[in-house]
Amino acid sequence: MTDIAISHVDSRQLAVASQWQLVWWAFKRHRLAMAGLVVTAFFYIVAAAPGFFAVNDPSQQNARAAYHPPQGVHFIDLAADGSWSVRPYIHPYALKRDPQTLQAVYREDETRKSYIRFFGTGYAYKLFGLFDTTTHLIATDNKSEPLFLLGADRLGRCVYSRIIQGAQISLSVGLAGVLLSLTIGIVLGGLSGYYGGRIDFAVQRLIDFVLSLPSIPIWLALSAALPHDWPATLNYFMITLILSLTAWAQLARVVRGRFLSLRTEEFVTAARLDGASEWRVIFRHMLPSFTSHIIASISLAIPAMILAETSLSFLGLGLQPPTISWGVLLREAQNIRSIATAPWLFAPGAAVVIAVIALNFLGDGLRDAADPYNK
Amino acid sequence: MSEDIQQRTPHCRRLDRRSVLKGFAGATAISALPYAARAEGAKEAPALAKLVVDGKLAPLADRIPASPMVVTVEKVGRYGGALRRGLRGSADHNGILRMVGNQGLVRWNLAFTEVLPNVAEKWEVNADSTEFTFHLRKGMKWSDGHPFTADDIVFAIEDCAKNTELYKSPPTPIVIGGKAGTVTKIDDTTMKFTFASPYALFLEQMATPLGQHPTLFAKHYCSQFHPKYNPAVADLVKAANLSDWGTLFRSKCGDIEIPTRWGNADKPTLDPWVIKEPYTGGATRVVMERNPYFWQVDTAGNQLPYIDRLNFNISQDVESLMLDVISGRLDIQERHIDTLQNKPTLSQNMQKGGYRLIELINSGSQQVQIYLNLTHKDPKMREMFANKEFRKALSLGMNRSEIIELVYLGQSQPYQAGPRPGHPWYHATLATQFSEFDQAQANAILDKLGYAKKDANGFRLRPDGQKIFFAIDVIPTLYPDEVDALELAKRHWADIGIDIKVNTIERALYYTRGDNNDHDAAVWPGPGGLDPMLDPRDFFAQHTQGSRYAVPWAQWYVSGGKDGQEPPESQKQRMKLFDQARATADLQKRGEIMKQLFDLTADAFETIGICLAVNAFGICKTNLANVPAKYPNSWSWPNPGPALPQQFFFST
Amino acid sequence: MLRFIAKRLLWMVPSLIVVSFLAFVLIQLPPGDYVTTFIATLAASNEVVDQTTAADLRARFGLDQPMIIQYLKWISGILLHGDFGLSFEWQQPVSNLIWERMALTLVLTFSTLLATWGIALPVGVYSAVKKYSVGDYVVTFLSFLGLAIPSFLLALVLMYIAAVEFGQEVGGLFSEAYVNAPWSFGKVLDLLHHLWIPVIILAASGTASLIRVMRANMLDELNKPYVTTARAKGLSEFHLLVKYPLRLALNPFISTISWLLPNLVSGSIIVAIVLSLPTAGPLLLQSLMSQDMYLAGAFVLLICALTLIGSLISDILLALVDPRIRLE
Amino acid sequence: MSLIDLATHAGARSATPPSLILEVKDLVTHFPVRNGIVKAVDGVSLTLERGKTLCIVGESGSGKSVTARSILQIVDAPGRIVSGAMMLHRADGTSVDLAKFNPRGREIRAVRGREIAMIFQEPMSSLSPVHTVGDQMMEVLRLHLDMGKKQARARCIELLKQVEIPDVERAIDRYTFEFSGGMRQRVMIAMALACNPSLLIADEPTTALDVTTQAEILDLIRRLQQQHGMAVMFITHDMGVVAEIADDVLVMHRGKVMESGTVDAIFHSPQNDYTRMLIGSVLKLEQKAEIRLRRSPIADETLPVLQVRNLSMQFGSGKNALKAVDDVSLTVKPGETLGIVGESGSGKTTMGRCLLRIYDPSAGAIDYRRPDGSTLDLVKADKETLKACRREIRMIFQDPVGSLNPRMTVAQIVGEPLLVNRIAAGKQLDDRVADLLQQVGLEPSWRERYPHAFSGGQRQRIGIARAIALNPRVIVADEATSALDVSLRSQMLDLMMGLQDKLGLSYVFISHDIGVIRYMCDRVAVMYRGRVVETGSAEQVCNSPTHAYTQALLSAIPRPDPRARSIHRRHRYTAA
């Protein structure tokens, strides 16, 4: 039966609904997935323009703010005359260091206020790496009193801003890595799936071989092998490459399977009889019918990549500071000291978890909605 | 700082009063005691006493030497207990060495200023310090009860240390002027080291961990793996399916600094505790038990050690060591946890963990020594770095106090190089010149040097139009604090128009780059704060891996002018001076020579320092007694060894 | 069947050889060699290696020879007399080192496996049968959470809580008294008492993903006609569920065996390091980091072999449980 | 006889069992969907009597299966019984209302498989592939009659013997996929009869089977019904089958009962229009189509457009090679329709696909006469010529779903051949498509729609439009109508013949349905195991077949006339 699962849209729309509309309708019914989509979108927007969302320069150290705890934001502003208004502000914190334990103690200074502005001016940065600007989503009106929404790390760098900066790297590592492995996967998987025979056999062996490689040691060895005097960007690219090296085989398997099953579909035969060329058959007739599946598997592969990056960084083999990625941030938090005295350093962990969950939900929903025709 | 130590350590005299004869003095001062001890009959651990009663063990009198070494203890302790310490998963054998393996011919005093008798009861040194005659203790035994005599030392040096199949070249501590000394037996308890050229530092060398070959190999045991004594050794090698007898020998008798030293429970030693559960790849802990033949007693004549057993737990990850400390499962630990950043956490949990903090005086002099490569391969760079004014500008352009406050929690002071304040050889100029923060002057200098032109981002350009830029190698996994410090320095220097890259690299690469002289610049902690004679790498190009501002010069020096590059005059002078100093036994004179050397160093100003090497700290259970409140933290003074763990004891 | 197995076994030989070479190259890739790493490690606790000994070591380990020679020496050693060589660091035969760790690794992996399946199976079935119910959403969310939390993070936090808040002894699998004690009831108890933290952490992500797999499989099977047939027979829902869809949904599970074997060694590396478990993982990492060639090489080789054998076994098992594969 | 003894249990059959077994009154079953509810069964009432067969007929979506499943309360989620009563009268005189039972409860479970058994359409997927036949059968026995293992096994063997499974002793431990479709259906039946149910519900049990197998199964059911004296509720869309076996008939359409009565009444004096239409369209396929009556016969001397000579095609190689097409020779003349008839596995589809070189024949020749009169051998044709020929020889596929790319609009699908052959583009293409749609009787304005918006019949028309887009000369139609409801078939065939006259097409018409062949084809080739056993004019082959197999095949086809029940008189063909 091919009664479309989506019966809640009126039939006239339905009649002219393309695959993507159908997918979208099916997807919309999946509440968690929708949530995932929204969150993911938000994350990637942030990652696109970290400067705008950041509060302080992520690599700006501050001698007076080492292990600065997260600041409580006050919303009701009581004026001296007793009148009040809703206007977010913070009390700056004052640092005292215990001479014996060297423990830094921050005390909220009730006497002073610094107000929070939206679209206020802050440090200068390049929006999308293009235009210089100083406008930020959030800024304090008093530059000398930095705002630490999520506290500061051991060098007094704003954790919040660093997470946002890190999103750029970590999220794109996932994306780049997956896209990379996808291209390999599609080309090889497609070849072996479409032509079969010898090619198929060869590719199959290759896939088996790659899958038989233990990913963790490979990662370790490869990333240990990276010349560390390479620029951060190149280094970053290599890491993604390494990650995708082990990931493509899985995708290739999926693609191959799809191709094999599609090859026997009657509409493909029909297309061939219509006189469509091999390429047209593949790209016009076969590919569209599993792009949705591929997208689904991508969105499921990205979180794996992100986690892999953090794990590598945790072992000190991933990206190296001063590059900021969630993995790097977590590595810096990887110690009892942080858990005991500065738990807010684990905020990047939360970011990772949220992002990964969101992506997983998204991917799950996509997978369910991927094929609207056989329901 | 070394004064405050001396207040705490009565039995230690001022450095300069040391004399060639102090060996006797030291010995006589305490040689009366053992007889006293003997008179009232030395005491031993209950466990051993029982064995003796059961006849399973010889009586104490036959186990310890006629004149055991008497350790002056703060409190006379009680026997018993097991002391827990932590090791890291890999290559942490020295964690054991530091605790028990310090039984050389001689040892350091607590202040790290003086050499005291140890295995050797006393010694004489001839006038030009080429002959050292050591007197061993009569009736001293290996941990298996076999007598320890001069033959063992002859075997250890002549047959092993100088055996080219075992050591391609003999270990440096017994080498001077490229020639290894020779040991000759005089009688069972007397033997003599003879050197081709004067070797005044020999005693100090013998007190360091690397100087312990003489007492490392028990002839009666190790000779069975030595072809000279056991022609059938080939079969043993085959049996163990190993490649050569050298490997076999090492796996059985170990060497100073390799894991297998602690991997063989059968190997006799002179250590206070002996291996019960060896340190192997699969081990999750190492257990050592008291050596019933240990040759030291306390002032009351009790045989040491007090503590029955040592448990070393092996953790894969340093973090779990921290946990063990916090939850009070380690009795004394400084290794792997002593970074300043840990201090707040550790001091917070003192109650919970039931421990106190002990201060570890850093034996180094500089926390973050910046080595610009004065012998850079690129002539342009070389010219720039080689210019003292340039280095001066960099030094002035650095806001040291901010770095100290931020990275070192305010626990240090601006510093350049040289012996630490309080050390008799402290050199004010060398220590503090150009360490103030003066951007204006720095800029002025740089302008004058012809780097006035700047690019769009405000970075200075070299006359050839190249931006002034260099990378500083640093190992983040090893010295995270240095990375942070440099990140700050980078900002400070950006303000004076100098662009650098903090080149965080993995350690093996760090070494390769250094060895091939590929680096622009590098950082490393500057040693020589308490032991300027032992590690003078920052005072002149002496260490082929350490003196990173001019590795080729160091190679030139070490190879006696064969490889490397010929250094400038000032360096050559310092090299001469150092060789003189090494040959000078009289500390007074030696001090004067070193003074000249430091003057030259200060004048040359080759390395840029940031701040005085920061004291580390360790933890120690509150019920663990006789642990000094502070002691040096050094490899040459392999803490806590020289603080004599054998006389630590559990008060409750 | 036998021909199939034989063919697969034959395939393993070349791939293993390639892998071994690959492994060797990979380990050599990083700058420097074992000795530099060794020196560097000591330097970490500012300890100095006598400058002359460095060169000495190199010569002794044959690190001064070209890589290909080293490789040939090693591989021929393995092929000719099963000798995997000597670990540079420990001066012990590699095989001993690895086996020393295996026992506990096995214990850990299998208890983890039990936990994983014990939870994943019922929960997966539940959320499939109760598709889109509240329970299903909760399960789904939790399982995704499990997938999302980096294991090392979980490990560190759990460890801290257990150690500091509850005073539970973490790290290692035994307490002082039992480490080298012979196996006894007490020791087993002690082991169990230490096992739970690592098991929880290790099981977390595995369980999560298995729940997803199980759920998907069940959903596929649940609306197959034979389920209706069974229902029409008058079977009770539970009985029917267990006998038919579950039975078929299990087949994909069997393929998990193929990753199970290699995980014995490499799976729990990171967690094992954080919790400093005496399993094979940390040793592997050490050897890779310290470029302890032969040890690392042997490990990688072992893991690959296990992967291949694992997938072979799972294929055979699959054929055994599924007559369709067996008979066609 | 022994069955009954075995089945005997407390309070079993009283002396005179009631003839009435099940009364369904105003059954209503709903499927809630997002935007409302689908009334799958809308007030159906029926009665079932001992020893009688009630046939429920209706086209797809008429709700006949749901009715059946409602009785056992095994309607797939989210469907549920809204109202109505289903009184089950037990042998001991008691009666219960099945509708009152909780679908997961014990009571209804006691009824399922025990008193009311059911068999399904898909014998392949309705049995678990990983459990042995015996396992699945014994389950029922042990569940309802709590028999021991041995006893149950013995009973299974007996049952399997009854349903004529050969070599029972071994068969019982086999897996279902080791059986042919017919055998599986027999197993299903045996399983259903295990506890001597008083009612057997058969949901399209023969639809997936060949006519000969179907006849066997029908026989079997009939015989067992007599033995066990049970009531049978037989759901089918095949009027022939109805006429063959039914005592009473119930015609359903869109969930409602259109008409019910005795089989004779329904066939010979249908009251309801829908019933009439249904019967009409069935009877229509019983003779030659009018259109063809009007045609002038094709002159013998006209040269064939397609001549297939000794064509062979085999799958695989070595010992497990399968000769799908074995030395087949055929000719197709311009404007004529050649039917290829045969049962599944006879190689007719492979044959058709060879004609277009979808498969490469392993031997033989396919001589194709180009418009210019030149002939070429398609088997040897190179890529280019082949491409050219494929414009002139087109194909219509069996599956109206699978053969249309769901991700392309109708315009794209129909336009594809024109586009890739650079015949038309842009506006011109658009007009051509519109025109084509009109020709196949589809609203041109629908061309922006996607296949999923069309019914089965409409989709097949799209398929035809695509086939004729290039003005072909030959069209290979593979089971073009078998997926369609009977009422649509004749329309579809008429359409095709209309086009044939208009465009001077020749058809190679592949089907398993003799009715369709008779209606549509000029000449027929009967295929059996890859070989052509008989060729001749449609009339001759359909009315006086010469080959034994053809005779057997024809005799197995149920006639849509209850007064001429024939298949029990059929003769079987055993390959020489």
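In this document, chain identifiers A, B, C and D correspond to the written order of the chains, with residue numbering beginning at 1 in each.
The definition used in the following text is that a residue touches a chain if its C-beta (ideal position, glycine included) is under 8 Å from a C-beta of that chain, and two chains touch if they have at least 3 such contacts.
What you see is a predicted model; the values in this text were computed from it and never measured.
The highest number of C-beta contact pairs joins the chains B-C. Ranked by how close its C-alpha mean sits to the mean of all protein C-alpha atoms, the top chain is C. Averaged Cα coordinates give chain C a centre that lies 52 Å from the centre of chain D.
A straight line joining the Cα centres of chain B and chain D is 91 Å long. Work out the mean CA point of chain A and of chain C, and you get 27 Å between them. The distance from the centre of chain A to the centre of chain B, with each centre set as the mean of the Cα atoms, comes to 47 Å.
Counting only residues that touch two or more partner chains, chain D has none. Of all residues in chain A, those that touch two or more other chains are 224, 227, 334, 336, 340. Among the residues of chain C, those in touch with two or more other chains are 30-31, 156, 160, 164, 273, 289. Residues of chain D that touch chain A in their complex: 33-35, 356, 358, 387, 390-391, 394-395, 397-399, 401-407, 409, 416-417, 420-421, 446, 448-450, 452-453, 466.
The part of chain C that touches chain D in the complex is made up of residues 223-226, 228-237, 243-244, 247-248, 321-324, 327-328.
Considering their complex, residues 319, 322-323, 326, 340-345, 347-349, 402, 405-407, 409-411, 471, 476-477, 483-484, 487-488, 491, 502-506, 509, 513 of chain B touch chain A.
Those residues of chain C lying in contact with chain B across their complex are 30-33, 36-53, 55-56, 59-60, 83, 86-87, 89-93, 96-97, 100-101, 156, 159-160, 163-164, 167, 169-172, 174, 176, 179-180, 272-278, 282-283, 286, 289-291, 295.
Against chain C, the residues of chain D that register as touching in their complex are 69, 72, 74, 76, 104, 109-114, 117-118, 120, 122, 125-131, 139-140, 143-144, 175, 177-178, 188, 191.
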